[in-house]
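The same subunit A turns up in both complexes below, where it pairs with subunit B and then with subunit C.
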Partner chain A sequence: MNRTEHLLKRAAFALTTIFVAVTTNFFLFRVLPGDAVTNMARVPHASPQLKHALTAEFGLDKSKWEQYLIYLRNLCHGDMGISFAHRQPVRELLIADLMNTVPMVLAGTVAAIVAGVFSGVISAWRRASVADHLSTNLAIFAYALPSQWLGLVLLILFAGVLPSGGMMNEFLFEPAPFWQHLGDIGTHAILPVGTLMLTAYGGYTLVVRSSMLEILGEDYVLTARAKGLPARRIVWRHAVRNAMLPMVTLIALDLGYIVGGAVLIEVLFSWPGIGLAMYTAVSQRDYPMLQGGFLILTVAVILLNFLADLVYARLDPRIQR
Partner chain B sequence: MSLLECRDLHVWFDQTHGGQVHAVNGASFGLDAGQRFGLVGESGCGKTTTILALMGLLPPTASVAGEVRINGTDILCGGEESVRPFRWRDIAMVFQGAMNAFNPMKTVAWQIAEPMVYHGVADRAEARSRASELLELVGIPAAAGKRYPHEFSGGMRQRAAIAMALACEPKILLADEPTTALDVMVQAQVLELLTRLSDELGLALILVTHDLPVVAQTCERAAVMYGGEIVEDGPVADLYHAASHPYTRLLFAATPDLYGEERITTIPGGPPRLDSVIAGCPFRPRCDVPMERCDGEHPTLSITGPDHRAACHRNELQGAK
Partner chain C sequence: MRLRRTFAPCPARSRGPSRLRRSGVAVAVVMALCFSAACDSAATRNVFRLGGTEPIDSMNPFVAVNSSSYSVFENIYPSLVQVDPALKTVPDFAGSWQMSPDGKTWTFHTKPGAKWSDGEPLTAADAAWTFETVIKHQEGPTGSLAGYVAYMESATAPDPNTLVLKYSRPVANVLAQMSGIQILPEHIWARYAVGNGKGLLTFTNPAPVVSGGPFTLVKYAQGRIALLKRNPRYYGPAPHIDGLGLQFFDTDDAMITALKSGRLDGVQSVAPTSVATLKAAGLIVASAAGAAFDDLIVNANPKQAADHRELVNPLVREAFDRAIDRNAIVKTALLGFGRPGASIIPPSTGHWSDPTIKPTPYDPAAANRFLDEAGYRMGPNKIRIANGHPMSYTVIMPASITNGYGARSFQIIQAGFKKIGVQLVPKHMDVSAANEALFAKKYQSFEAAMWGFSLTTDPDGMLSYLTCRSRYSLNDTGYCTKSWDGLYAKQATAMNPAVRQRIVYQMQQAAAREHLYLVLDYPDSIEAHSPSWTDLPMIEGGSFSATSKIPFQTVHRVG
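So, the complex of A and B:
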């Protein structure tokens, strides 16, 4: 099988998966009892006429199949609908949320990867030493922590010292210099990013450690020692790159998942990202927002997996040709 | 003063459940430039352990005693730091199963050039051109160096491993079962190559193998190991025609011969366990000519001819006569 054929196959598979996910999401949310109108019509003096008007406006009076076809047609035009709750286009709303989520999640994940690779490599290289026991047990402990619990504990410990919610100080007005805004966002990000990093780093440590132990037993590592190379070079030049191969898949899966999995952390720290938006959308039965949010998550997971495949092929010469 | 001198080498391995295995018991031998020396014996008798110990490459579970001198300098006395400068510059190795001796993520030429650059033998450009020369020397087109190990056939990889071992122009080459995994044609090529290299470059060669004809074809001198000890050493012709130890005699008798008997003889039993002290002669249970003395008294190496030693009580008997 040649390379283009392989790529086409993967792309076709990805598109099919996205279609299936879109369909499932559409029907899944409509199975929930109640709809956006029941929620909105709870205002005092809501008349049956208002209810009818709202239902018609949202297109909820049409049959499920009709609604589905309209949704699909609009989606093909890049139109994700109008949010029931915000009365604004879903696309713009979600893009703004995504802009807040991605840097936070990325910072947390990158920090977790760096910490995980370091502690995993040291653990494997100094196997059975105090450093190994320390780092392995710490990793298992961190791995076992639920992120919402750890977030709460950090919140209790650092409330007052660090901002406990939101992404920026609302009272910091525009004339403030750029770096002051950046620093403000940075301090707001410490707790959510820290929570994300701490819960993710343990898993990376364990994977890197076991992968490294396997690689360190390989013949070519013995060859590298026989060549008279110092330990540091053997570990970083010969072993780590080979040990990182299984990490690529893991990181891609995690990144895709974390965009959605950050729901708990975003809710906890009121981080105005896509997770918080989806959380609110569920309680408001805001179908277009939910569908849009889930679509973005699906696409993120599939795209990152696709990307992982490409990176893998670049890293491992055995796959390339 | 010999080029390589190994004096009273002992290796113990710690076992997981306590206790130690005495894997090499007082091995001594010397080697001059251009000499080819065979180390033979059954599996598990300490051949590979002996030569790994020469380069200080045993795992941390091993304790080593004895001296290994290169041109009179004891290389093992200072641990890892004292051996490292000697590795690959003075003493290099072709590994058992050299199939996996290459890092799958780097090109073959890169891996040949690496120790040259690292030991400061050549700069990057020189190392690259020398890697090409070395590949040509072992009969591989220089252009193939840009390829990855998995693109090489078994025989090519074995020859490339030899080229890699020659990178820093070592004085001593250790070859651990260099031909075991190869078919007979390639095996002959590799042996021819090793012989030619030692003749042309004045390379001292230690050939570890269980394949006696290979030793007979390649080496001038050989040592026979049994149960972690050298039980006989001397010129190959003497070992073959006038063995002074029953094990050597039986070992040669067990080699299939094109013109000899049709039935292949074997030595019944297996090599001794090395986790407890052996009181008498380690070969006693399998010997075809045992004596009373062999039960309680451990034989030591004694001279049985010019440049010929063996550890068997029968020789002392004959000497006394």
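So, the complex of A and C:
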């Protein structure tokens, strides 16, 4: 199979997956009893006409299939619909949320990758040493911690030192100067980013360690040692680069979730991102918001997996054969 | 080739940032962090920073559902009247008012010379336009506000300072209704009210909002913040504070931590479990008897499904009521911040609550006796048998109940019911699903539910929830009788307060007699704020009120 064929095959697979996910998401939310109108019509002296008017306004009076076709048609035009709860275009709301989510989760994930690679490499290089035991056990411990629990512990530990919620000091009438604003967001991001980093780094450590141990046993590493190359160069220039293949998959998967947001962390620290928006939309039965949020998450995960496939094929051409 | 590239020696290491540059960046970051904290505290010194967990869902009064949205509207828009800390109706935009002898016409005299925050005149014409618009579109876009204009036929402004409201029949709670609905600027909103009025729902009312209340909304970010600045053109007494900010948190822990660390000045609601921590941190915790109750609903529909028809039996309902240890609920679930429940109109509403209705005593022995009398004998596994089936019932538990102390209350109730041979099985649902489960098959299929109501001082709202008209919206019992609807209509038109009080008492007694709601408790409203602030009264369950501007007009820093 040549490269173009491989690419086309993967692209077709990705598009099919997106279509299936869009369809599943649409029907999944509607399987549950109740909808947004049930809550909105709970007002004193509400007449049956109000309920009917709301149902018609949201298009919920049409059959599920009709709603589905309208949804697909609008989606093809880039229209994600109007939020039931906020009566604003879903696309605008989600883009704003996404802009808040990406920097926070990206910072946490990058920090976790750096810490995970570093500790994994040290563990593998110093195998069976105190450093290895310490690093591996810490990684397993961190990996096992539920993010919401760890976040809560950090919240209590750093109470009074770091902001416990929100993305910035929201109480300023005038916008702060750039550096002050940046510092403000930075301080608010420390706890969510730290929580994310601590819960994710363990996985990277364990994968890198295992992959590195395999690579360090290869002949070319022995050759490099025999040639008298410095240890640091053997590890970082030869072994680590070859141990990165499983990391590519892991990173691609994790980066997909950057777009989906770390729901629990965003909820705990009231970080106004896409994860928090979806969490709120679930309780409000805001179908357009839910569909939009899950669509973005689905597309992001599939695209990043697609990219991982491409990178993988480039790193190891045997995959295309 | 590609493989070779993987193993190829790396190019010479590029020079990274110099040590000087790295140090510079570090210093800049540290300075930014410190500077941000120092400047922020100075800039917000006279801004009351309030934390809340229920976000504003919309800044459009025709779209909003959440109570925090209405509290913001109350602070930025004029109302004709408002409620004071003694729960009396006092002037707001209307300085005085009269009712016609037949009770069908109300004339309000509004404050002359008032202006909106953009300098446009604020007159009775704005009020007339607001009410007329709600009336005109009440079966559609303005339906969520229809309750405030019930039986109102017209609203006119014969002159800029006079508003005349005409009703199709006498309405006893006009003033209570007028304290809950705000007046909108016609010159901003009229363009959206054309045609079928659907434009009223699409206007997002973005900040800065043209306001007429003590504050103007200058910043709003969905789910994050509503920032209000003192309105220099306000027709009433100017607030002492420069502004009021409402920040939303998704967890109590984060909000309480922010209050303790001085990043907030107050929080809207405090769980009983947090009170001791806050007091220990030197914060002022204020609690007041709340206009709310929690309840166990036992299906009251006479036409309910055959497999739980015994639930309409008065002896069964009486037995259930006596199996509830209300004192234990108050002590254990509410940690003492509440009172055992009795009537559906809480004592905090003052003279509207019937004092003769007392909490049903916890008496499992009597409850067992009632069930024996009804002929429901104890079966295997110590569960009674009624009409050939075990007395085991599913209790619908909406998330709004289980997220708080409701789960602890349920355990106490469950243990009490076990003692009388009745099994309660919780079924957790979100609010939409819980509503649908109650309404399913015309209220015939559900057995029990645990829920509650937050009310206003006027009893009309609560009494209306048991009418036939409220079925499939706020009526969560399935109850629907001509006699109740008749009494409701009678109290609604009783213009003599003493006569109305008598009817309201009669209705409460009927509800208690038929055990429509097994009222569990009246939870206190609990708030907390920094000792640096004072004069922040709680009105109808909170200082951030939807019916009064007074708390944030009076609050000020100590000293």
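One rule holds in what follows: the second predicted complex is superposed on the first by the 306 of 321 C-alpha atoms of A that agree within 3 Å, B and C clash if a C-alpha of one lies under 4 Å from a C-alpha of the other, contacts with A are read in each partner's own complex, and residues count from 1 in each chain.
Please note the rule applied: contacts are C-beta pairs under 8 Å (C-beta built on N, C-alpha and C of every residue); 3 or more make two chains touch, one makes a residue touch a chain.
Because the structure is predicted, anything quoted here is derived from the model rather than measured.
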If we overlay the two complexes on their shared chain A, which of subunit B and subunit C does A:227 touch? Say first, second, both or neither. first
Thinking of the overlay built on chain A, is A:241 touched by subunit B (first), by subunit C (second), by both, or by neither? both
Going by the contact rule set out at the top, does A:219 touch subunit B (first), subunit C (second), both, or neither? first
Between subunit B and subunit C, whom does A:314 touch in the aligned arrangement: first, second, both, or neither? second
Between subunit B and subunit C, the one with more contact residues on subunit A is chain C
Starting from the residues of subunit A touching subunit B, keep only those that also touch subunit C in the other complex, and list them. 220, 238, 241-242, 315, 317
Within their complex, state which residues of subunit C touch subunit A. 2-3, 6-7, 9-10, 28-29, 31-37, 39-40, 43-44, 47, 49, 55, 57-58, 60, 63, 65, 138-141, 143-144, 146-147, 150, 198, 201-202, 204, 218-219, 221-225, 227, 229, 243, 245, 247-251, 253-255, 257-258, 260-263, 399, 430-437, 440, 461, 464-465, 469-470, 472-474
So in the complex, the part of subunit A that touches subunit C is made up of which residues? 32-36, 38-51, 53-54, 57, 85-88, 93, 96, 152, 155-156, 159-161, 163-167, 169-174, 176, 179-184, 186-187, 220, 237-238, 241-242, 266-270, 272, 276-277, 279-280, 282-285, 314-315, 317
Where on subunit B is subunit A touching in the complex? 55, 57, 83-89, 92-93, 95, 97-106, 114-115, 118-119, 148, 150-151, 164
What residues of subunit A sit close enough to touch subunit B in their complex? 218-220, 222-230, 233, 238, 241-242, 315-318, 321
